[in-house]
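Naming follows writing order (A, B, C, D, E and F), and every chain is counted from residue 1.
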Amino acid sequence: MAKWDISPVVQGLQQARHEWRERQNRIKEIGGRELPSKEVLKSILDDLCGILFPMRLGPADLRQETEDYYISYTLDRVLNALYGQVKLALDYELKSKSRQNYEQDSAAISQQAEIVVQNFAKTLPHIRRLLDADVCAAYEGDPAAHSVDEVLLCYPGILAIIHHRLAHQLYPHVPLLSRIISELAHSATGIDIHPGASIGSGFFIDHGTGIVIGETCIIGEKVRIYQAVTLGAKRFETDADGSLKKDYQRHPIVEDQVIIYAGATILGRITIGKGSVIGGNVWLTHSVPAGSQILQSPSESHHQKKTA
Amino acid sequence: MAKWDISPVVQGLQQARHEWRERQNRIKEIGGRELPSKEVLKSILDDLCGILFPMRLGPADLRQETEDYYISYTLDRVLNALYGQVKLALDYELKSKSRQNYEQDSAAISQQAEIVVQNFAKTLPHIRRLLDADVCAAYEGDPAAHSVDEVLLCYPGILAIIHHRLAHQLYPHVPLLSRIISELAHSATGIDIHPGASIGSGFFIDHGTGIVIGETCIIGEKVRIYQAVTLGAKRFETDADGSLKKDYQRHPIVEDQVIIYAGATILGRITIGKGSVIGGNVWLTHSVPAGSQILQSPSESHHQKKTA
Amino acid sequence: MAKWDISPVVQGLQQARHEWRERQNRIKEIGGRELPSKEVLKSILDDLCGILFPMRLGPADLRQETEDYYISYTLDRVLNALYGQVKLALDYELKSKSRQNYEQDSAAISQQAEIVVQNFAKTLPHIRRLLDADVCAAYEGDPAAHSVDEVLLCYPGILAIIHHRLAHQLYPHVPLLSRIISELAHSATGIDIHPGASIGSGFFIDHGTGIVIGETCIIGEKVRIYQAVTLGAKRFETDADGSLKKDYQRHPIVEDQVIIYAGATILGRITIGKGSVIGGNVWLTHSVPAGSQILQSPSESHHQKKTA
Amino acid sequence: MAKWDISPVVQGLQQARHEWRERQNRIKEIGGRELPSKEVLKSILDDLCGILFPMRLGPADLRQETEDYYISYTLDRVLNALYGQVKLALDYELKSKSRQNYEQDSAAISQQAEIVVQNFAKTLPHIRRLLDADVCAAYEGDPAAHSVDEVLLCYPGILAIIHHRLAHQLYPHVPLLSRIISELAHSATGIDIHPGASIGSGFFIDHGTGIVIGETCIIGEKVRIYQAVTLGAKRFETDADGSLKKDYQRHPIVEDQVIIYAGATILGRITIGKGSVIGGNVWLTHSVPAGSQILQSPSESHHQKKTA
Amino acid sequence: MAKWDISPVVQGLQQARHEWRERQNRIKEIGGRELPSKEVLKSILDDLCGILFPMRLGPADLRQETEDYYISYTLDRVLNALYGQVKLALDYELKSKSRQNYEQDSAAISQQAEIVVQNFAKTLPHIRRLLDADVCAAYEGDPAAHSVDEVLLCYPGILAIIHHRLAHQLYPHVPLLSRIISELAHSATGIDIHPGASIGSGFFIDHGTGIVIGETCIIGEKVRIYQAVTLGAKRFETDADGSLKKDYQRHPIVEDQVIIYAGATILGRITIGKGSVIGGNVWLTHSVPAGSQILQSPSESHHQKKTA
Amino acid sequence: MAKWDISPVVQGLQQARHEWRERQNRIKEIGGRELPSKEVLKSILDDLCGILFPMRLGPADLRQETEDYYISYTLDRVLNALYGQVKLALDYELKSKSRQNYEQDSAAISQQAEIVVQNFAKTLPHIRRLLDADVCAAYEGDPAAHSVDEVLLCYPGILAIIHHRLAHQLYPHVPLLSRIISELAHSATGIDIHPGASIGSGFFIDHGTGIVIGETCIIGEKVRIYQAVTLGAKRFETDADGSLKKDYQRHPIVEDQVIIYAGATILGRITIGKGSVIGGNVWLTHSVPAGSQILQSPSESHHQKKTA
């Protein structure tokens, strides 16, 4: 049986943490994590999926005649759980903004969290309607889709857009929390939608793996996007002191009824006009007017005869 | 402690569901979900992996001298579980096809499910042999693979092809169920193979993330495919009334011994002739004869001297 | 109630396994799996994440004043668990190398495993420092990152690099085990870094889905990589007998401060000089000097007026 | 590594089972267990406890303002689960009664199960009122009880009587199922109440371990019983052929407001008159009139001087 | 599929709850349970067992060289969890005492809980020593005990006394919480020790099922007790208004080195003098001097010749 | 947030452990628990119950046509798990016997464990037959038993005797392990049968709570025992130095067809002759001939008229 020499490792790690915390101005003595929890948020999102689509994503033994009871009970429970996470997140945001003279007002945070959660609850019927339109768009847009149920049960794009529409609602108030929600969807689907992105109704993602949609994107209605599409920033602006500018408009605007095929890369604060079609693998860094059809150059490949 | 005003939310959601169900002709009064279950299918697939590769993917404490007992017991159990899911799926398919005058015949569905499941069981030894060839193809095709065990334990492509070969077998009978199986693999590996695709033996996927293989693809023997390859449809045909045509041949035919490198996009009902090599990032929408080598244009990039 | 005819299936599977084992020279009579376990390694990695970042990735109820106790206890426990897996892996490697005259020396394996694990433990403080630099690089390199905590909690690239830095340390001694670790990260994030790759400090991956970094890559300091980048092999060399050469240098060298944008494909043992910028979707198979800026050809797409 | 010689064991067990089944006339070929399940009934009883006392035995995060929603949703769910178990039990009872010419009528069993479950549901408010009286009786009868909440949370007698009142309701229809419920309580509390026993309101059990209450007991209102009390049968009557008579009245009748102290044994179809007090360890096999006080003989022990 | 008529049941239960709450003066509008939780306390007790006996009742993979780290980490964690439960319990006690003009002072409760928990922690080494003496007493007092390890692993009496010594320490401050702890042991072992009872060191319980030890018992050192022994109250005193007096001295005092054999019943505030031996099944309601030997009357049974 | 002063507690516990280990001659430096595990044995016993009664206590979804496969697979698995526990137990017994000059021979222990486990396996068919007789005895001996299935599913006595018959088989070889098994049954049923006791076939326990059967008991065939019966030792013999003699014959011999009613106490190495009936609450410390009927004295209680 081996005996490990762990003391130098523990001390080495302690020293490394100490240096990090000094650099980050974070030396303190006692206390716990005080951050929103990925596990708790995953459970909240699972419940919200059930609330939005009780007979498809709710508990397996739910029956239609009692779905309102299930929703009422679960909604109250999930709002309380969310309330707890929102309080942690608000507290964290406040502390981050003014680490020096941070004076935490617990009552004010509770009150603000209550407002955030109650407003979030109010939007759920609207979000359900948006998602219904997303489901229809997928059914109507994919020859392989045999039913709306298949869309809801099998399309990763639907899971991603449910998470996004909920996270987006929370983003202005609790950005860190929203980001955790969007990463839950990213890990499950390979679709990375920043919660800050604004997306209109009837949005359809097919296959989805590798899609990236940036923080300040604005996407219109009935837009369709395929796998590996990037709606990103072109370059990052820096401040006078050379550090990155944060939080400015740097991602594309995609107008209604645009279709973007697989692997297309669209970068910068440009506008893709209404009804345009962007071909697969296209690389686009300037605006195009409504009705454009942008295809990859025809000379994209050449044949080469096998020698032997 | 916050008190949530949930009544308007519950009513709003009820109203949204009501509208959706009216539009979908789905108002009913009582009853449960009656759809195949993702969780149950996940457990069935885990068991089938153990049945196919008992000493690698079976239970950790299994020993070789009792593997046949394990397989016999588990196989009976898993066929019963699958039988339950197939009955739900057949019932669903029937109901979907004739929602108006649907007269469910429980005995007929049970009988049909029994045939589907028994036939599925019979193909398992054949599927094991196909998968053995897939494992060999990976070992022989990747310089980084040190053993066939590494392939079986570490290559996401193997997990994807196990799921696919099982789902493909079920696809003609219970398409929705097969799609759920393929999405289980998609979520775990980022590889999205539609269960309708037909794939020959000795198939090797390397890395795999972002691969999309469409419903009507036909892939020959000893084909090798890298990450982010798309075998998709070029455009969607529409009916006289403008709605999408479904279920027609719209994806590529890839003949034996073709290699398709990362990021290539091949679209439409075209044929890639035997032994062809399709280079990375190539965009291809027309057939190529056997032995072709298609590379991206050499002028694909240009250097730009740094100014400062 | 259906009765399944399982005997022919069990016999068919038995025959298929028998054939496989004969071809692989693996017929034996008794014994269990004797391979490292994905589940056990997942649990070890979770604990190591907690040891490295106790207040962010450790148990939810941990408090700062007892983090050293937590680390000491968990470290001893995790090293023992790892020791068990390393012994299995060493035994497996030995057996693979000389299947014919394999004479397993249990004591020698235990001794070697002890050395591997103790040396691994010693590097943990160094790994923590590397990871701190990675976190800083992400915060400084992404306008969307609001805090270092967001980076640690939400960026899949961080999860991938934690797994990589740990797996890389173990790779020379237990390659199969390291590959299982890297696939744990690949499945969760879509980022596929081979444990053999060498990566300098301050490494930043954004979004990450679809990234592939090959076994013999050498990546310098402060390199930044976006989603769907491939650092791969160009072609595979074969032996005189036509079988693949394994284990030779075939992947790129990426020098310090290089940035590689989304979808770029860089293949072969080439060198990307210090400070170069490789544009999105670029396809690159030759070395470029320090300070290069490689962009995709401007003629990459053409507009096509809608006809009707 | 040991190799076990399991074949003779498996064959020996097979032979033993075969002999048993022959003796029990139970040889059949295929099929599953088809008996009510202890695990499912445990989960049903846990839910029923929550339905009856939502804010004490319901889910930890339930809140008073939504308790009706919780109850409605859970009640529907639990009645469906119970319905499944009742159908299994009815089928079992039918088969047991006429193993020879058993012709199972699935529709008739479903209909009967529906009636049993619906009637059971109707009695729940009445059972809650009985249990409220039981809680009050415990609080008023035990000097150690500080609150009604303590009674509900800490007294095993309450857990036993909840289970009993529910099982008793089902006993005439599904006796086997009721017995499983009563054993769930017996195992958790050491209190063994046969579901056939009839027990009036305001029943108080203190400590409880070792209490046995027989099948045909009739217990009045406001009766109090301490640990290790037996209300049993005196002797068993036999048929002409020497086998036990089953199902006849053979246990005591205990009238209102009787108190029976610890360890008392009361046997046979005798009557303990209203308001009687039966002392600890008393052995009683004849009826006593109302208002009796039965104590153990005062000569029950003698002192014996220690010799050294 | 059955459809349940649940509305009248839900309303009936609502009415029953309403009546109960009115009678108990407990109508309120919003809020959760706010009571200590059996599940949380079970987990706390499991951890405390591990802290007290790390190499016997701690985690299976603990090793001796790191037991102090395990204890430090777990102790901090468990004290925090206990702190949460103690605050709930203190709040509950306060509310119960003055339901009318209850004005909850959250800060005062937190402060008091902190003192209770810190003092509890301080006594743990003393409790471990008491328990060591209990283990020795069992080993020395039972011919069937082959080692002290067997005592610690197999004797339910040890489990009961660990729970008791911990619960007893908390009893003056949080009686409801202590009662929940004692019922955890009661349910697992059949041994019912009220947390108020005072028990000296070197206490040995053999077999234990059915033992009842009342709230105000005082038990000296090196006392030995067998199964089904009751140390109870003789009769209950009532107030002027006929309701039970609570919280007065009503259970026996058992002096040092007394042995009480199985089934003995000892009732009332009497004293069993030092070194006395109370025989099995003895019924005792008066004090006995030191060195007494109390046996059951020798005429306790008579023989009766079988007739046939 | 409270900060706990844990250092003195940790040091106090360390000191207490140090003193205990010094007294027990157990100071060592490194290493883990190395004792059989309650949790592992619980899982082994659950599997053995399934192996013995597959269609009643096996997995819920088992079907009769595959029960032999289930048994073969599970038996091999459970024998391996038991083998691991037996090795730990044998090592522990050896170490206990000669702590001074203990020289552990790992190979010898493995060989001995293999023999113990293989012999144990061989007796399983015999044990199943004994248990079948036990089930029949219960059905024939209890008027409340409606079927043999009810006996197997609901009677705690059956659970206890299954555990006993298995533990008894192992007792001569691994006594500590057997005691852990018997305590698993004791905790679940309140029935405490020492694994050393020898019990003939057709044994029936009714109700069972509080039964104690001592280590050296010998019980014949078709014996029936009710709740709270003690078959114990009368007094403990001591060595010359005053310490208890261990391991001598000190418990009753109960011959065939004896019935012992609830609460009877039978102490010492006495013999209860064939066919005797021992009445409830009887206290018996001398042998009785075959055919005896021992009843409690008729003067066991007196009536006392209520005064008011």
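Heads up, the rule we're going with is that contacts are C-beta pairs under 8 Å (C-beta built on N, C-alpha and C of every residue); 3 or more make two chains touch, one makes a residue touch a chain.
Keep in mind that what you see is a predicted model, and the values were worked out from it rather than measured.
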Farthest chain (mean CA position) relative to chain C: D
From the C-alpha centres, identify the chain that is farthest from chain E. B
With residue numbering as the guide, point to the option in B-F, B-C or A-B that repeats A-D in over half of the contact pairs. B-F
Centroid of chain A to centroid of chain C, CA atoms only: how many Å? 25
Length of the line joining the C-alpha centres of chain C and chain E, rounded to whole Å: 53
Show the residues in chain D shared as contacts by 2 or more other chains, in ascending order. 3, 6, 29-32, 61-63, 65-66, 72, 76, 80, 190, 209-210, 228, 263, 281, 296-297, 299
Enumerate the contact residues on chain D facing chain F in the complex. 2, 4-6, 8-10, 12-17, 19-20, 24, 28-33, 35, 37-39, 92, 96, 175-176, 179-180, 182-183, 186-187, 190, 192, 194, 196, 209-210, 212, 214-215, 228, 230, 232-233, 236-237, 243-248, 250, 263, 265, 267, 279, 281-284, 288, 291-299
Interfacial residue positions of chain A with respect to chain B in the complex: 51-52, 54-56, 60-65, 67-68, 71-72, 75-76, 79-80, 83, 110, 113-114, 117-118, 121-122, 124-126, 128-129, 132, 140-150, 153-156, 188-190, 207, 209-210, 227-228, 262-263, 280-281, 296, 299-306
Which stretch or stretches of chain B touch chain F in the complex? 59, 61-63, 65-66, 69-70, 72-73, 76-77, 80-81
